[in-house]
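Per-chain residue numbering starts at 1, and chain names A, B, C and D are given in the order in which the chains are listed.
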Amino acid sequence: MERKKPRGILERLNAGEVVVGDGGYVMQLERRGYVKAGHWTPEAAVEHPEAVRQLHREFLRAGANVIQTFTFYCSEDKLEISGNVPNITGAQINEAACDLAREVANEGEALVAGCVSKTPCYVDTHNETEVKAIFKKQMDDFLKKEIDFFIAEFFEHVEEAAWAVEVLKTGGKPVGATLCISPEGDMHGVPPGECAVRLVRAGADIVGINCHLDPLTCVRTVKLMKAGLEKAGLKAHLMIQPLGFHTPECNHSGYLTLPEFPFALETRAMTRWDVHQYAREAYNAGIRYIGGCCGFEAYHIRAIAEELAAERGFLPPASEKHGLWGAALEMHTKPWVRARSRREYWEKLLPASGRPKCPSMATPADE
Amino acid sequence: MERKKPRGILERLNAGEVVVGDGGYVMQLERRGYVKAGHWTPEAAVEHPEAVRQLHREFLRAGANVIQTFTFYCSEDKLEISGNVPNITGAQINEAACDLAREVANEGEALVAGCVSKTPCYVDTHNETEVKAIFKKQMDDFLKKEIDFFIAEFFEHVEEAAWAVEVLKTGGKPVGATLCISPEGDMHGVPPGECAVRLVRAGADIVGINCHLDPLTCVRTVKLMKAGLEKAGLKAHLMIQPLGFHTPECNHSGYLTLPEFPFALETRAMTRWDVHQYAREAYNAGIRYIGGCCGFEAYHIRAIAEELAAERGFLPPASEKHGLWGAALEMHTKPWVRARSRREYWEKLLPASGRPKCPSMATPADE
Amino acid sequence: MERKKPRGILERLNAGEVVVGDGGYVMQLERRGYVKAGHWTPEAAVEHPEAVRQLHREFLRAGANVIQTFTFYCSEDKLEISGNVPNITGAQINEAACDLAREVANEGEALVAGCVSKTPCYVDTHNETEVKAIFKKQMDDFLKKEIDFFIAEFFEHVEEAAWAVEVLKTGGKPVGATLCISPEGDMHGVPPGECAVRLVRAGADIVGINCHLDPLTCVRTVKLMKAGLEKAGLKAHLMIQPLGFHTPECNHSGYLTLPEFPFALETRAMTRWDVHQYAREAYNAGIRYIGGCCGFEAYHIRAIAEELAAERGFLPPASEKHGLWGAALEMHTKPWVRARSRREYWEKLLPASGRPKCPSMATPADE
Amino acid sequence: MERKKPRGILERLNAGEVVVGDGGYVMQLERRGYVKAGHWTPEAAVEHPEAVRQLHREFLRAGANVIQTFTFYCSEDKLEISGNVPNITGAQINEAACDLAREVANEGEALVAGCVSKTPCYVDTHNETEVKAIFKKQMDDFLKKEIDFFIAEFFEHVEEAAWAVEVLKTGGKPVGATLCISPEGDMHGVPPGECAVRLVRAGADIVGINCHLDPLTCVRTVKLMKAGLEKAGLKAHLMIQPLGFHTPECNHSGYLTLPEFPFALETRAMTRWDVHQYAREAYNAGIRYIGGCCGFEAYHIRAIAEELAAERGFLPPASEKHGLWGAALEMHTKPWVRARSRREYWEKLLPASGRPKCPSMATPADE
């Protein structure tokens, strides 16, 4: 990997570069045994730093230009409600997570993003002062450490996201903001275009979508955000970090409504070839910060970097262990496997589930 | 985790204990960016020891009682043919892999198994002397390190497996041997029952099946092995390390014949609940060494340990981050997710693929 | 079957009665060997009257209150273009079809509807005079015979349908008009609500949807028509004669775009239980003329009559050979078949296709 | 249709001709409103002769060389048990059915086969004398009319079928005998090869399989029968009349065990193109009497005749309304439909079900 002195996130985006984001932490660490589903809190940053560090490294190696701190749901109110982390404070987790992200980011040319997410307090109180105090506390933890910018992510209500942006903006660093909403808009019915306008007016430098729905749906939503900004005469960079799962039947509330959530989503996982298509469509839509959320593993992030290798001019380190479009199968001993060492094969393949008694679509809980 | 002084593999099996095996290395490390598909060689043990160490740890934490050395395809003839590892010798990989396995095994109560697998030499030459020399060389690498027993695995021909067993037996440690065959028998048509007899007569203490086919198919094959042994008046322990993928349409050659192999197998991945069923059926069949191969991640291994917790008397460390049968969903904010916090829900669920344009079964390449 | 002197279609609908329509002719007679797919012309009325008569009888026996003349595509311009019927004139077919419909209608209490459908002339010329002359000629054929009312059906453009209505209205009998459009509107983009308004203003007494899309989609479109009429302060009866096939992925152009059209639609055929649901939803939407189009066989029409038996006060003749909701299975020799003699079983059943290598959804040709 | 003086069934088969059988009566007449599912008795021959006559005609027109009398389950013991036909005797039905079959057969060059099927008496009593008396009575009804040969069909036990053959043989006409068994053998475990031998030794001139399982499975079973005959040094003609449904998951008891039986089998219906494949495979297996059973409609029978047109030298009458392999779509107005006017398109098509919430395979009741 060629080392470059890291330039800032806005410097890169302003220069028209593609920034590859990292993938999903909580679901992957749940499978590895370090996060408890249902709680989804990030105490592993303190309890098992080696596991978090290794996952950061995989994303870095796969091409990620940003390492997000593993601080999802790490506000004091959420940690208390979940009751899952009795002996560790939010501040301890936030600080440990910053150290881990920084350590790994420095192994490459990556930036560290300090991340905040939606709070139980917002839904309970709608009290701007209280909610903002929570974001302020988490931001202060981050500012004790060396981070490069902030991301406010996983917000169902643009109002709360805008509050987060207003707080983070006081930290003196660039701010990205992503909502986990569908093309229909946020939970209060605010359409994506208007959501984008509100976030930019609150101070966000980068806006977009993360989690809850599959990549192609999220691209559609970001396009609506972009159109809203253009109509309002505003400018901002666009980012996207969608699910790594197919969710064609999902409505407004996303994959939480699927019967398979969260313990039987395997069948819905995207292949690396699905990600190629996603990366191309996101790029064509003008999005330049392209990553993933739940379900995105290292090989999915590598697929983003490989799909956009021509535009970016280089491949990620992990591509040394990957023949593009299956090229490494050329030397397989079985002729029928060798026949799969080409792009057309994988692009056209419709993968079978091996589950003839399962349906292909489910009834979401909110239908 | 309660520490016990590790007892030997035969000591445990003779006492009627359930030994939980580890999961699959090469496919998981391929996804993490450290193994090249098509080659599948284990140079990561030297190049990226932190990645191999972390995967060992995940399996240990999930309940594995055995850590297999990451030495798949690590015979000199295979390394040379694959051409993927120009600057590292097989001996270097074997020794590094032993060190990694030992380091992690010592963090728990686990044993280290030194593993050999099928050689290109066998298919090319059928020369017993040459093939045995290859196994001898790899065994000698292992014997420089502290390992607990040997496993000869992933053999399509019982003849080659028996040669491996004969060599490993000279190492003075217990030997397990698994074939990657279907209920129809090995590639020369030797039925499973006769395969088992040959392996035991060659000196194997534990015999069974690994890789190539899904868990329930592999259980069927081990049952045939068991019946063959009983008919011959022989005794041996039984082991199983099947795929973590659904392969109902596969014939003799297993998942290599599937159109999805190796880059679009996501849809076929087993859920943790599929593994519960598998662990129970394996146990009921009298198999006491129960693990996984390609497709088995840490959470699948944990599912084996959780399904057999009553028989074994304890849960694995990683269960501290897992509510049994979804129990941790009880406190979810969405009522429809809370409704999933019970065994019946997950046992009955038929997961949808979210891919309405994909079939449920494929045409294997050998059909 | 109790004979009643037939009352007129408007008399019935004005009294709030449910009028059961008949099913599809051309596709069923294609399967029986009397209609040529691709041409879909109705020369069988002359060539094989016994086949048309028998199909009329099946629908009558299944509960149909209306027998449509088998005169689909029977305009002179269409017959000429299709080139399928060299020695028979349109007038001969129209007259023979009227006789057949009348003969069978008189065996019950049914009415005869003389039917016209879209013309090639409209698309070629958009010439109102020419197109109207074609409808006038076909109407004159009908008026030589004793028919009860007219139906203008299978129109993709509301403009052409309105012209047909204007002509038929001069015949001095009630006129029904159905479009084969989606909820998005007609081929010129006129939304369903406005289509309904135009048809009623042209003189239609009954308006609705037929063919091209599955029942639940067609119910949605009729609801939009109803809403349009209400908004315009207009009144009309509503009718529906949808496909008997599942077409969830179809867009504007309907089932013609499906890869399975017209020779592999079997898998998409509705069960009788699907029709129960449809009949209930159509009824709940305020539709009172409820029948079917392509894919609706006699047992589907019977299912409409059986679902609405309570509202109508009687069962159709063919119900003497049908246990409601499978009741006749009670005396089956196999216990597992007896267990199917109840409503809940059939309502909940998700029928398998027995085709594990086929997808569940297709890519329509216009996507 | 070219008229030839009908030659006998054995004369035709001995000359190496392909004899096309007719399709299924009871299921088709159930859908048309004349047969009651669960009872499946043939009183329609008396009650609604026009409906039976028309279905005979469709099969004749589609190419059938044999018209089977509509006398399924028409033994006195079965009629009494079913309780469905209080005022009509078995003799009345048998005689009416012979008249209908003869009337239609004479419209073409077809033969009439008088058909008997399994009796409740056999299962209840296993009394050879009583069972044979039942067959004798039905045969005597047939012999009052002009029929050409007998078929004993739908037998689950070869013993009962052999008794039927022994009785029918005394009628002085050729006898065909078909079992509704799987490749595993009859309900007493007698394998297909031995079944064939017993039937031929009992006097059958033609032996084979009908109903219960899909065409390709039935071809496999007939092959086993053929092999059994060859091994025993016996000769007989082979016949086959399988289901027109896909039943890949069925075991011994056939489609009765499917959850979809009998009211939701639509999704499993074969396309005409499936039948082409079946007809070819049956022909290649040496079977020369090729027809269908439940699920076979006229267009399926036509597909047999069209697939074997080159071997037979002529097309059936109904082919005048059918472009071979979709040829008549060449003049369709939509370009994407025109693109379907060729064999390759239909041969390769994997039809979608339009039912994304349904599985592709079911769990049979006997699994």
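A few comments on the model shown:
Keep in mind that, in the parts below, contacts are C-beta pairs under 8 Å (C-beta built on N, C-alpha and C of every residue); 3 or more make two chains touch, one makes a residue touch a chain.
This structure is a prediction, so every number in the text was calculated from the model and none was measured.
Chains that touch both chain B and chain C are the following: A, D. Seen from the C-alpha centroid of chain D, the farthest chain centroid is that of A. Each of A-D and B-D has its own count of C-beta contacts, and the greater count is at A-D. Computed centre separation for the pair chain A/chain B is 32 angstrom, with centres defined by C-alpha atoms. One inter-chain figure worth recording: chain B and chain D are separated by 50 Å, centre to centre, where each centre is the mean of the chain's CA atoms. Averaging C-alpha coordinates per chain places the centre of chain A 60 Å away from that of chain D.
Residues of chain B found to touch two or more other chains are 249, 350, 352, 356-362. On the chain B side of its complex with chain A, the touching residues are 30-39, 50-51, 54, 57-58, 61-62, 82-83, 120, 214, 245-249, 253, 256-273, 297-299, 302, 317-318, 321-323, 326, 328-332, 334, 336-337, 340-341, 346, 349-362, 365-366.
Within the complex formed with chain B, the chain D residues making contact are 350, 352, 356-357, 359-361.
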